[in-house]
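Next come two complexes, and both contain subunit A; in the first it sits with subunit B, in the second with subunit C.
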Partner chain A sequence: MKRFRFIIKRLLSMIVIMFLVSFLVFVVLRMSDADPLTVMIGNNQSTPELRQALTEKYHLDDPVHIQYLRWIKGVLSGDFGTDYVDGQDVKGLVMSRLPITFGLVIMSSVIGSVIAVIMGVAAALRKGKPSDAAISGLMLVLSGAPSFLVSILILFFMTKYVPGYSFIGTYTNFGEFLQRIMIPSLIMALTFVAMLGRITRSNMINQLQSPYIATAAAKGLKQSNITYKHAFHNAVIPVITVAGYMIAGSIGSTVIVEQVFSLPGIGGLLISAIEENNFPIVQILVLFMLGAYLVMSFVIDILYTVLDPRVDLK
Partner chain B sequence: MKKKNKAGTFFTPVVAVTGIFLAVIVFVSLFASVIAPYDPLATDVNAIYAPAFSEGHIFGTDGLGRDLFSRLICSARTSILNAFLIVAIEVVIGVPLGLICGYYRGPLDSIVMRVWDVISAIPPLLLSFILIAVMGKGMMTGIIAIGISYIPLTTKTARSMIMTEKKAVYVEACKSMGFSDARIIFVHILPNIITPMISQFTLDIGTAITSMATLSFLGLGVQAPNADWGTLLRDGMGNLYNSSALLFIPAICVILVTVSINLFSDGVQNYLDPSSRKLPSFKKYEKKHGIKKLSAVKANGEA
Partner chain C sequence: MSKEKDRQPFISVRDLKKYFCLDNYKLAKAKTRYIHAVDDVSFDIYKGEIFGIIGESGSGKSTIGRCVLKLIDVDSGEIYFDGKNITHVSRKEQQELRSRMQMVFQNPLASFDPKKTIRFSLEESAKVHKIKPEVYKARIKQLMEYIALPEDLLTRYPKDLSGGQLQRLAIARALMLEPDFILADEPVSALDVSVQAQILNLMLDLKEDKGQTILFISHDLNVVRHVCDRIAVVYLGAVMEMGTVEQVYNSVAHPYTQALISAKPKEHPLENKNHILLEGDIPNAVDIPEGCRFAGRCRYFKEGLCDNRTPKLKDIGNGHYVACHFPLGIDRSKTASDM
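Entry: the complex of A and B
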């Protein structure tokens, strides 16, 4: 019952945030200096007839809140409208870009989390030894180095020393798709390794020092049993939470590797839409990224209460 | 586990090295216009894509013949200044707001906290995109956008700290002497809670540099002809096949600076947090009496 109320409360606040942010973005975009008509007309000759036709087609004369209601109604029924620059269907445009972004997020988070946990546990078990110092030092450098820098450095070395390996641009089949996203996902995985690895290490050290481990050892349990069954289970719960938030956040940060490796994902679409003042695309992508993040963090919170029964629901 | 700063001094080797390095960077960026051998915007058709370490251009030149070294130190000024502005926004808005909310509580507190909950529900990079989409791209927008994304955490930290601090006896004493609330909050409580936050602010300068560089790299931050490190990286990326130094040197520069700031703020944190350090006097006592384990016992007891 308590959990049910918690879920309802979180769901409601999520919906409110999404409507609020989408409304604010919608309204303020229309208050900015950019004039949708100028964007739409572009290099064509601006005639009063054309302006009139476009104004009517996009309902630009209506008050802003009416425009918003029309837009959000469309979004809820699956119609994202047409974009300002090319007059294309926004939904198709976004859908064609989704595989790359989702591929990057899923691949990088799986690879990154697995490596991070292995390295973190390994470092914790060798606490104070040179191998621990090496792993921790590597993680510190990785966490200091921004991911876009790592991406361009790797791109630089790959193009220079691994000729013939193409990982830039579009794809035609699944094999090529994997090849395109492999290197960028590995780079994004580095962020996971840096962050999660350090958390795993410190949690694992904390758990190994707690009294119940001494009890387990006193009972005569095998060391491997103590480490992997007792300490690891408790140490990994906060790691899962942070990993979840990082996965949710990486939906927005794929934009960096997408730009560097010129991959056709939604991040690149958002950047170009912002530069062109292409409002319909900006609105829907902001809503989408925010929604994905909120849903993800919602799932993590629920999962957290399931994994750790001690957590109190408010 | 934080590493223990055994000596109890601020200048451990790591802090000294990174501190000197950062001081040099700040010094060079302050006097960039004097130190730079060339005008960072001056083009030279006779020296296009000069390689690094060539005559007259220590880091080479770009596609317009602009000297990379001059551009690097002049954009250092932009990058560092922007980072300080971002942290200034965070401190100037976040800290007083947190203090006032935590001291008075009430409806203002609930409203501010709800708003910050919404803002911190959005990932920082996405928040920057939203604000840039709304306010238009540019340096000021970037600074404000990143600054805003840092405010919620600062407010929450200041708020939670003042909530425990306002129960202290000295606050009661101040009240009984009839001091105004403003005086109690900003003269008496603020100095007590700002110290633990300082290491967070130093760390934020580092993340601010990379966040701003990311925006500029994506073409949404600093606009030409002005340049920061992100712009240089963007240019370097475009000219990757002509001269690799254009990408390589700014990249190394940013990595060195951000890693130094991380290590430096770690040092600040260790120094400011007394529980994680052994006082020098304690060490002398141990030496004098030939006691080896006392400090270890004491440290464990405190932890």
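Entry: the complex of A and C
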């Protein structure tokens, strides 16, 4: 019952945030000095008739809040509008770009989290030994390496030494899809390893030094049980929090690898839409990223209560 | 005292040494530096007594405890438990030993896994040692009665309980396996004075009711005096003085113990006493001074001897040991308070 009320409360607040932010983005975009008409007309001959027709078609004369209501009504009924530059259906455009972005996010976060946790725990168990220094040092270097640089380096070496591997551009089947996202996912995973690995290590070390670990040892528990049942169980909660927000944040960082590897994902779409002042695409993508972020943090909160019996939902 | 000489010691520690390495990975072939946490410590604990180890923080008293319990490996020396050398035992034997020695820590809240209920923490030790559920369920019931806490606390989490309740539960947890020996590492220093008394009385009850053998580590002279039968005073990882509570408190033989006792807060405002102020800090445990460890802070320091030769721990009568070149008079009960 308590959990149910918590979920309802959180969902309601998420909806309110989505409306507020989408409205803000909508208004701010229209406050910029970019004129939608100029964008739409582009290189065509600008005639008063064309301007009149477009203004009527897109209801550009209406007050901003009326325009917003019309747009949000469309979004809610599944119609994301048409884009300003090519007049294409925004929904189809976004949908065709989603698989790459989702693939990147899921693949990189799964690979990254698993490696990060393994490395973090391994380093913590060997605290102070050379192997710990090696793992920690590697994680430190990774956290300082900008992913665009790593991407370019890998691109450079791959083209030089593995000429047959094609990893750029569009895909036609699932195998090619995996081939496209594999390398970029690994690069994105490095960020996870750097951040999460260090958090895992420090949390594990913290827990392993707690007296209850010595108590568990005094009880006669096996070392593996002490490590996983007690120390890891307590150390994993902050790790999950950070992992959740990193996954949510990685939707944004797909932008970089998508650019470097010319992948058709929403990151590239967003950048070009911003450059072209293509408002309908910018609006929906910002809303989409916000939604993903909110959903992730919601999932983390629910996970908390599953993992930690002490947490009360409020 | 003569009675004790006939008795077999239950736990014997001989020449225990534990050094902690300071430089884990060094680049040049520099001399590796060590923290001399425990240096040549020997003592006996008899069955059914509360043996106290007292010392300042950093004196290595906790390390001694952990070595005895085999929670950390010793570097050299021997530990005998119930007549058996347990310094180096196999994993299986160690597992068996675990059920015979348990421990209680300083911080009761931290010594419970924050995410497990109290019941889980109590039952876990029983499960590890394959005790039948009927047996341990009954034992928990008994123990909760013994420590005078309601059974519904068992379903709570550590953060819901007070320090005193948790420390009593920690003692109950230690008793779950009916151990022969309990290590109590500063069990009351994190508690309020009013609660301290409850825990100390519980420990004394354990000794009286069950004949429990306890190694009691503390820095609090009053507490040690209240509960212990015999005590060892450690300084920089070495025993300075050892004997019964009466011997150590009433006929102080080591200048360090004398200074410690004089630093103890007055029990009565009208009590007349002069503090012996120890100058300087406890030396660095990495570079142990030559000769007597206490020499640099000692009032009776004699150049050429104290900073040259390390005094051996020797018996000055009736099992009262002291490591000093110039032990104070055998009977200082009058003079000690006059000083």
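Methods note: the second predicted complex is superposed on the first by the 303 of 314 C-alpha atoms of A that agree within 3 Å, B and C clash if a C-alpha of one lies under 4 Å from a C-alpha of the other, contacts with A are read in each partner's own complex, and residues count from 1 in each chain.
Criterion: contacts are C-beta pairs under 8 Å (C-beta built on N, C-alpha and C of every residue); 3 or more make two chains touch, one makes a residue touch a chain.
Quantities reported herein were computed from a predicted structural model and do not represent experimental measurements.
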Counting residues of subunit A in contact, which comes out ahead: subunit B or subunit C?
B
Which of the two partners, first being subunit B and second being subunit C, lies in contact with A:Q259: first, second, both, or neither?
first
Using the touch definition from the top, say if A:L29 reaches subunit B (first), subunit C (second), both or neither.
first
A:V141 contacts which: subunit B (first), subunit C (second), both, neither?
first
Tell me which partner A:V21 touches in the superposition: subunit B (first), subunit C (second), both or neither.
first
Which holds for A:E275: it touches subunit B only (first), subunit C only (second), both, or neither?
first
Could you say whether A:V286 touches subunit B, subunit C, both of them, or neither, answering first, second, both or neither?
first
Along subunit B, where are the residues that touch subunit A in the complex?
1, 118, 121-123, 125-126, 129-130, 132-137, 206, 210, 213-214, 217-220, 233, 236-237, 240-241, 244, 247-248, 251, 254-255, 258-259, 261-263
Using the touch definition from the top, list the residues of subunit C that touch subunit A in their complex.
24-25, 66, 69, 71, 95, 98-99, 101-103, 105-107, 110-117, 121, 124-125, 128-129, 157, 159, 170, 173, 177
So, in the complex, the side of subunit A touching subunit B is made of residues 17, 20-21, 25, 28-29, 32-34, 140-141, 143-146, 148-149, 152-153, 155-156, 159-160, 202, 205-206, 248-249, 251-253, 255-256, 259-260, 270-271, 273-275, 282, 286, 289-290, 293-294, 297
So, in the complex, the side of subunit A touching subunit C is made of residues 128-130, 133, 210-212, 214-221, 230, 233-234, 308-310
